[in-house]
Amino acid sequence: MEPRAVLGTNRYGKSGIRLMKVDRESARHVLHDLTVSVALWGDMEAVHLQGDNTTVLPTDTQKNTVYAFAREHGVGSAEDFAALLAGHFVASQPAVRGAQVDVEVHGWHRLADHSFSRTGPDVRTVSVTVDEDGTRTLSGVRDLVLLSSTGSEFQGFAVDRFTTLAETDDRILCTAVDARWRHLQDQSDWEASYATVLDALTSAFADTHSRSLQETLFAMGERVVATCHGIGEVRLSLPNRHHFLVDLEPFGLDNPGEVFHVADRPYGLIEGTVLAPGVEADRGEW
Amino acid sequence: MEPRAVLGTNRYGKSGIRLMKVDRESARHVLHDLTVSVALWGDMEAVHLQGDNTTVLPTDTQKNTVYAFAREHGVGSAEDFAALLAGHFVASQPAVRGAQVDVEVHGWHRLADHSFSRTGPDVRTVSVTVDEDGTRTLSGVRDLVLLSSTGSEFQGFAVDRFTTLAETDDRILCTAVDARWRHLQDQSDWEASYATVLDALTSAFADTHSRSLQETLFAMGERVVATCHGIGEVRLSLPNRHHFLVDLEPFGLDNPGEVFHVADRPYGLIEGTVLAPGVEADRGEW
Amino acid sequence: MEPRAVLGTNRYGKSGIRLMKVDRESARHVLHDLTVSVALWGDMEAVHLQGDNTTVLPTDTQKNTVYAFAREHGVGSAEDFAALLAGHFVASQPAVRGAQVDVEVHGWHRLADHSFSRTGPDVRTVSVTVDEDGTRTLSGVRDLVLLSSTGSEFQGFAVDRFTTLAETDDRILCTAVDARWRHLQDQSDWEASYATVLDALTSAFADTHSRSLQETLFAMGERVVATCHGIGEVRLSLPNRHHFLVDLEPFGLDNPGEVFHVADRPYGLIEGTVLAPGVEADRGEW
Amino acid sequence: MEPRAVLGTNRYGKSGIRLMKVDRESARHVLHDLTVSVALWGDMEAVHLQGDNTTVLPTDTQKNTVYAFAREHGVGSAEDFAALLAGHFVASQPAVRGAQVDVEVHGWHRLADHSFSRTGPDVRTVSVTVDEDGTRTLSGVRDLVLLSSTGSEFQGFAVDRFTTLAETDDRILCTAVDARWRHLQDQSDWEASYATVLDALTSAFADTHSRSLQETLFAMGERVVATCHGIGEVRLSLPNRHHFLVDLEPFGLDNPGEVFHVADRPYGLIEGTVLAPGVEADRGEW
């Protein structure tokens, strides 16, 4: 009999596992504050079609594994922790063909030996995929909000019937960086690697005289692949957080780039990939 | 000279354009409350590398176009409105090779001829892509929260060292449906098509005795492709909103499936694609 | 010795207790989906100053009590459930002089005997306070979003050096009602009372030709105290969700009240209390 | 004729005014990134009852005033800016008897002369009220997340039928400080005053061996009123962000205070006022 429908791509897992691991080897405690998400895929046809759960490792078990591994192996760098978990699920479950482990690392500033205050709003991210093609390791950052109060222009753009925007040679440029970069191989020091990329992103943003957010995006990506060791590809998603100069003329006042209305919506959204020369873009979904 | 970096895939546009269109042809007003997002791609190398904005249609202009088209052409069905906009950008801008227009449709309940109350939390979605391969039209819904207070079990799953979950033959099943479906051709009546799919999703959820959320997912997708006209593919993302039975024994009370703790995080996440027989999965990113 | 500081007003409790109670007496299940928050106050000086916890009923115990009471007494109307809990804490803990129990009731639409879909965005609220002055019972609603597409004007307002707003005799009026009303005594049927007040609020909104949101606010409050049994006081907080007419003239188009930009921030905020004649405003904080 | 309803307390204004003021006197720009909300009250009976808007200064005008004042007077300290605005509305509008201006100050870290990155998640707050009783100035902070990984216990609490919580002599203590403090007079340097209070709050949190969050709350408030110049009263709202030790015994592992599940809801909420000796609590609502 002809089936009425066919199962396509599928995956499942536990999302939003909140883990705090405290390293207490010395009186000077170290925090690892993570949000972990696991996704698994493989031989899951019978689960969907016949309600046969034989191949399903419950998402509850995935959660338990995250907590147990934190105790058994420690957390260390999030990239290593994610790889350990992803590898475990693929190796230990015959039906699992691939696993993706995503981690958000929440930052804390040390106040004293065992007291801390949360930093932000930027969050460090990690995504490790293990499947038949091997291991793909992405590091990233989101909600890194950067602003230049001058040194940004936007001119010479295409004009049509619906254009009302005036050209400007001096505006505020503000964005919340969401970036991910792909490592060509394991880094010897993931923490140092992250710090280097963050510095590349922020310094390129600050250094670039911007003629468009697109130009800034490329400059940021270029700085990363050109100066950071072992990074083959960067994907950047940059919302343009518009700061509009307020018209103060009705009140008899000028406004030489001083008073701005900060808009929420709509916002521009500039997305782009920057590759190291000779590196091909990854084919999978990030 | 060797470049330090190469531009890969990229796109840009305006997101979060909030449009309210009121049809006032009769005293009985009709609301179209939309959030529209536009993304364009094409010949944008010089923009990124040389700061040459000649090919950039400003995102501000895209926003203006949305408002002007709402007046000039009306909104009608969101699928038609999105297709009109996407087609316009590709046809009118030589550098633009493709456009994607995403729309969220916010629902209102009529109180009187010109008075309304917002419905929800579910939101209707539309995504239309126009490029060299033609037009792809997706309809969808997000935040459609469904719950069954019985008729759901979870047993016979894989067990390993980290398993503590007990099997159950009666639990609450609750999810917030995020679904998108691909039309094989234009529908003659997009509103009727949407209503039919919504009914298929909710009735399949309600009818299915569930042995896992995966089985429910497939049943929902199958119902759509098997009974709704012209739908080739459905992608479902179903968070498992856990309701945990509270242990009341310490207080001398039993708890026969009556009192539950509703958890926020972590949550299960079940994702899957269901295809009509003979239809190939779309290769692009949704 | 002179103290360095003095303890003033204080209270403590558990917030955000998520309870789902399923009534399974018949095959046609009934859901009570609540978020409960408890606050207690009383003789807590030694807790704060000497770290003496003798008088502290842990917030964990408060949470347990909510779940156990749901099984032992059922939920019924949220007003009764909140009163039962608040009374219990005051009666059973010698150090507790007062208790406030706040409840949010999340709505569900029945699909079948044991299947449901969430409604919204409006949420029903209850707040019951028990202390030496007796019991105060507030019912309420939040996020009830209402819109009139005509029948609203705003003219004749004060003008100063900073005024640029034009007068209008036809605008969209939209608000997200946050209302609380105080019962002069227990209602015989809390569910019916709630439905009556909701109908008074929405019908007054829809019926009122509005010359300001303030006028609409008073009309809504007046309708409640004048037509709903046993309500002495209503407090309304009404954000003015601005819908701005888009200027389409640059595109050669008119815009006769049809195309609007929906703004997020800033928004107007109109707050007011309406009392039944002869009723004094409650002195406590809501 | 007897009225059907009576108007009680009321106020209105503009909320969520997003202002970025750039000081460009030198090449080293200075940012003032504020969210400003205005509320006014006074002779507003005719507005509500007769739709007579003569005494209404539109909220749109209030917004314009904020932007114009930023240009005309600069922003400087948020306390001064808020006082200037509140005083203006009361002095210039005969019908306005009182005004409250609330400000949130968003923090930026300097990267270069005109480049910055956002800090957080903590936000500085200011609330200034001007009415017939004079001026009340509150400063504050919200979302200041503090954590101690040891040095916190919770024992000796009241026990009843619903108690299951075990006593502990070592737990994680984590809170998101929401604090407001009242100045007895204007500070000569608002920025220095804020820094001093922040230091008092965080150092008291870090220094205190905590037997309850209530004890920590009092220690924090005491440190402020005892050591910071000119502060009469502090109100603290401290959610208890529970970190639960994960039971790893089923996996053959111990857990000596290392691996925690971070919970979202429910959470404890501890609220209290701390006063300088001899200072009476403010009677108004904060």
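For clarity, chains are labelled A, B, C and D in written order, and residue numbers in each chain start from 1.
Heads up, the rule we're going with is that a residue touches a chain if its C-beta (ideal position, glycine included) is under 8 Å from a C-beta of that chain, and two chains touch if they have at least 3 such contacts.
As the structure is a prediction and not an experimental result, all values here were calculated from the model.
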item: Interface with more contacting C-beta pairs, comparing B-D to A-D; value: A-D
item: Most distant chain from subunit D, judged by the mean position of its C-alpha atoms; value: B
item: Rounded Å distance between subunit B and subunit D, as computed from the means of their C-alpha atoms; value: 38
item: Centroid spacing, where centroids are CA-atom means, of subunit A and subunit B in whole angstrom; value: 22
item: Separation of mean Cα positions, subunit D and subunit A [Å, integer]; value: 31
item: Junction residues of subunit A - those touching two or more other chains; value: 18, 64, 68, 162, 164, 250-251, 264-265
item: Residues of subunit B that touch subunit A when the two form their complex; value: 2-18, 37, 39, 44, 47-49, 51-61, 63-65, 68, 92-93, 95, 154-160, 162-165, 210-212, 214-215, 217-218, 221-222, 225-226, 233, 239-240, 264-277, 281, 285
item: Residues of subunit A touching subunit D in the complex; value: 18-24, 29, 31, 33, 64, 67-68, 70-72, 108, 111-112, 114-122, 144-151, 172, 202-203, 205-206, 243, 246, 248, 250-251, 253-264
item: Interface residues, subunit B side, partner subunit D - complex; value: 161-162, 164, 250-251, 264-265
